[in-house]
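For reference, the structures are reproduced in the following blocks.
Shared between the two complexes below is chain A, which pairs with chain B and chain C, respectively.
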Partner chain A sequence: MASVTLKHVTKTFEKQTVLDDICLDITEGSFTVLVGPSGCGKSTTLRIIAGLEKETDGEIWIGGQQVNNTAPGDRDIAMVFQSYALYPTMSVYENIEFGLKNRNVPRAERKKLIDEIAEVTGLADYLKRKPATLSGGQRQRVALARAMVKKPKVFLMDEPLSNLDAKLRNQMRQELIMLHKELGTTFIYVTHDQVEAMSMGDQIVLMNGGRIQQAAQPLVVYDQPSNLFTAQFMGTPPMNMFEAMIDASGKEVKIGNHPITKPLPANHLAALHSQRGQRIHIGIRPEKLQMVSHEQAPLSLVSKSDGFDITGIIDTREALGSETIYSVSTLYGRVMVKSYQEELLRVGESVVVYFPYVHCHYFAQNGERIARDAFFSTRADVSGGV
Partner chain B sequence: MRAAEKLRPYLFTAPSMLIFWLFFLYPIGYMIYLSFTSWNMIHPVKEFVGLENYQELLADPDFHQVMSNTVLYTVLSVLIALGLALVLALWLNRSGWVYSMMQGAIFSPYIISLVSVSLLWLWLMDPQYGLLNWLLGLIGLPPSPWLSHNDTAIYALVLVSVWKMVGYNTLVCIAGLQSIPKELHEAAQLDKASVWSEFWRITLPMLSPTLFFLLVVNTISSFQVFDTVKIMTQGGPVNSTNMLVYYIFEYGFEFFKIGYASAAGVVLFVLIGLMTVFHFLILSRRVHYR
Partner chain C sequence: MSAVRWFRKGAEILALAGIALMFVFPFLWMTLTALKGMDEVHVFPPTWIPEQILWENFAQAWGSGPFLTYFFNSIFVAVAILVLQIVTGVPAAYAFARYRFRGSKVLFALTLIALMIPPQLTFLPVFIQMSEWDLLNTYLPLILPYAASAFGIFLLRQAFMQVPEELIEAARLDKASEWQIIWTIMLPMAKPVLITFGLFSFIYHWNDYFWPLVMTNNDAFRTLPLGIAMLKSSEGSIYWNIVMAGNVILVLPILLMFFMAQRQIIRAFVYSGVK
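Coming up: the complex of A and B.
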């Protein structure tokens, strides 16, 4: 167990800045997920922690020790690669043994450790096999066993599940969460999959373009995204985002050219006061919108005072079983609605979409979140996978 | 209609089958036939003599020497050319213009015609005016007789062969090294492998298909050495550099004993066939293929 700290870490490849001033605190024993779109620098960050890549600038600390000049083999870490990187010419046993041998662990003890690990990972029957004769899931386990047997202080994993099929991936996800609980070791896990990030991490570090966008617990990232990018990266479909204009008085809000049907409540207007006369972005998650067919709208209970609404026509419908995703064209533009209603609405149907104020997010012109009073029920201390 | 359907695959393969029969099977068959005859290439009758040519061949002390020369030459050339290539590949397998230039430089002998190479080395190895002896003199060593003494001549030929082959081998080895996934080396680093154990446990096993390929190709081509012998030594001094293909050439086209030369040709053919089978059956079990 050890904490990992990056201080102002920068990395450039031939003048291309890949990591820009990364500052990151990873607490001892946490399950931290680095997530972000492809090419944002997640792997590079992980590889710098491992020592496989040399940082251009900045400090790397593992367990209270600066390791900038420590060889990867001496950093007390283990890494699971996306490709697993099993040694193809060695048997499963030898693969697991290699790291121990190089650390001069005596033969008898090696055997004991490997037998233990093989039992835990369910590889006992495969120890003599070559990696090429194993299935994807089994190779994954060998990679894990090879990492675990060294009893590292920090586990690094770079998209370890992305080569597995969906079912196996779900299963391994659960197993990794369990494993983390049992070992209590610090896990740093890289993925581009936001669902994996939400479900596994107790801290999410969201990256884009070589910068950290937000580092927080999963539900904080989801409920209080710190900027436009974060808001739209997490969640499927992504958060609806509308360009809006606040008039000089700070009272009236227009989305596009259309004033919203009911004025925002006073506390929202207060928070937006500094943005008078400026453009902002209003965001709302698809599952927070409520939608009824036009005929039922007046009768519906949702058309109460705590929200505004817009009429529209359903363009497309994806019925996924447990939920249904509608794309609705409105005067505000395209609106994605995720509904859990049993009764489906038809494509082409005229509908009213309600925007509850309580679920509206505001972002300034520069993309930064505009904070307002602690309004959200704080789900923050609930963390993924725990 | 049906007949045409049946005929089609044969028609498609006909051109390559024709070439195969005409230029491969027919000459081999003809050579085997000739090896049972006595013929001087001019006489209208090829007299059938049974196994007489083979008996004569196996009893000829010159042939024994030729065989041991060929084996010595092949083993030395292949081992040195491969070992040196591996070392060079490990050294030159990095980016940067210096390394690219070095790679180009050691590859260049490979594209020069063997005849020119032979003439060049003949001159370099000249006992009196050659550059090599001048260099030896510079560092205070006694001059070497090179090609002109039966103790050293075959090693001089090995030197030329290594010089010619090592560039190609190195380039193929570099390609082999580059096809080893980078993550394997990284995983080894994380496993705290020493440079030594990384080489023995990862690099070398992963490179084994490449080395095996080179071993087969080099062995076969060394076994058939001819140009350098013909131009540089004509098999001498005192038969010390006479090797199988040159021996066949001499009997066939200088002594016109076609039947006898064919018998030696059959021996060469069988040996190379056996070597190939041996390589693939026995050695390939110890080689890792992905």
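Coming up: the complex of A and C.
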């Protein structure tokens, strides 16, 4: 077990900045997920921690030791690769054994360790087989066993589930969470899949363009996205985003050219005070919007809730069973609505969409979040407002 | 429909048989001649099956010179060259395949150029050099000029380049040294290529006539092809049956090797990617 710390790590490759001043604290025993679109630098960060790539500048610390000049094999880490990278000419047993052999673990102890790990990973019957004869899931297990048997201080995983089919991926996700609980070792996990990030990590590090956009607990990233990118990367469909204008008095808010139907509450206006006379972005997640058909609107309870509304017409409907995703065209532009109601609305139907104030996020012109009293979608152990 | 398919199949087999015959015929004729008596060799029309099978032709060929020495020399030289070529070729190929260093492209281009220069162009300076070093009556002029093989380096480089980078990184994380990566990860994966190259090299040097002819003037260091050639020129008339018996002795080890490694050879040629 060990913490991992990056201090001002920069990586340039052929005059291109791949990582720009990355500062990151990964606490001992945490499950940290590096997530972001492809090319954001998440894999490079992981490879620099592993020592497979050399940083241009900055310090890397693992467990209180600076490891900038330590060879990968001496950093006391293990890595699981996307392709698993099993040695094809060696049997499963030899694959798991290779790292131990190179660490001069005596033969009898090697056997004991491998038998143990084979039992845990369910590979006991496959030890003599070559990787080519195994299924994707089994290869994945061999890769895990090979990493686990070394009892490393830190586990690094580079998109380890992306080669598995959806069902197996879900199953392995659970297993990895369990594994992390049992081992208590620091896990650093790279993925481009926000679902994996939300479900597995106890800390999410969201990256884009070689910079860290936000590093926080998953629900904090979800509830208090630090900027426009973060807000729109997490969640499916992504957060609705509208360009808005605050008038010089700081009281009236227009989305496009249309004043909102009910003025923002006092505490929101206070938070937006500094933005008087400027353009901002107002964001709201599709699942936080409420929608009723136009005829029912006057009777509806939601209309009395604290928020503004807009009328529109349903363009498309994706009924997914447990939820339904509507695309609605309104005067504000296209609005995505995710509804969990069993009664479905029809395409072409005229509707009213309600925007509860508590779920509105505000972002300044430069994309940064405008802090306000936050509402939490879940009452998890998330720390106070931003 | 079915008839057409039968016809096609038949034509295919016939064509293959024809091609096979073209290749097999010289060997067959050589072997049959090696078993004939001298009178029968010259009869016209020629006979196929020898009237009398004369196994003693082989003994006569073998006994007409220091053939045991030739045989040993051939094996020794071909094996020594192969071992040296692997020892020098594997690290070179690994470096060309995996490292970026200054001048790597130039060096690799030079290697490819070396591949295109026939020994007939280089033997003279090599000979003079060997003579100056006073090495002529040793094995060294036979072995040293072939200690590194451009062809081998090229083949192995291609094989090494197909090994995924992640595999090497995994080995590094498993605390493997560069040497271990080469010998325990890369080389086993390149086995088919290695076997192909080994066969090519061994056969080339086993059969090589020109280079040993130039570089030796002493029976103690001559190789089998030279010995066989001397069967032809020993006395006035050529005893074709004896010469052919010598040839059979020369070819037999190679044929045996092909039979034994047949599957590996085919695999090596079909081989396109490391799984």
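By definition in this document, the second predicted complex is superposed on the first by the 373 of 386 C-alpha atoms of A that agree within 3 Å, B and C clash if a C-alpha of one lies under 4 Å from a C-alpha of the other, contacts with A are read in each partner's own complex, and residues count from 1 in each chain.
We adopt the following convention: contacts are C-beta pairs under 8 Å (C-beta built on N, C-alpha and C of every residue); 3 or more make two chains touch, one makes a residue touch a chain.
Since this is a predicted model, take the numbers as computed values, not measurements.
Engineer: Please determine, from the superposition on chain A, whether chain B and chain C clash or fit.
Structural biologist: clash
Engineer: Between chain B (first) and chain C (second), which, if any, makes contact with A:P106: first, second, both or neither?
Structural biologist: Neither partner.
Engineer: Quick one: classify A:I77 as touching chain B (first), chain C (second), both or neither.
Structural biologist: Once the two structures are laid over each other on A, A:I77 reaches both partners.
Engineer: Would you sort A:G348 into first (chain B), second (chain C), both or neither based on which partner it touches?
Structural biologist: So A:G348 meets neither chain B nor chain C here.
Engineer: What is the contact status of A:P298 with respect to chain B (first) and chain C (second): first, second, both, or neither?
Structural biologist: neither
Engineer: Of all the chain A residues, which ones make contact with chain B and with chain C?
Structural biologist: Touching chain B in the first complex and chain C in the second, residues 50-52, 71-74, 77-79, 81, 83, 85-90, 98-99, 102-103, 132, 146, 150 of chain A appear in both lists.
Engineer: If you look only at chain C, which of its residues touch chain A in the complex?
Structural biologist: Residue list for chain C touching chain A: 164, 166-167, 169-176, 180, 184-185, 188-189, 191, 274-275.
Engineer: Would you tell me which residues of chain A are touching chain C in their complex?
Structural biologist: Touch residues, chain A against chain C: 50-52, 71-74, 77-79, 81-83, 85-90, 98-99, 102-103, 132, 146, 150.
Engineer: Help me check something: in the complex, which residues belonging to chain A touch chain B?
Structural biologist: Within the complex, chain A touches chain B at residues 50-52, 71-74, 77-79, 81, 83, 85-90, 98-99, 101-103, 132, 146, 150.
Engineer: Provide the residue numbers of chain B that touch chain A in the complex, in ascending order.
Structural biologist: 181, 183-184, 186-194, 197, 201-202, 205-206, 208, 288, 290
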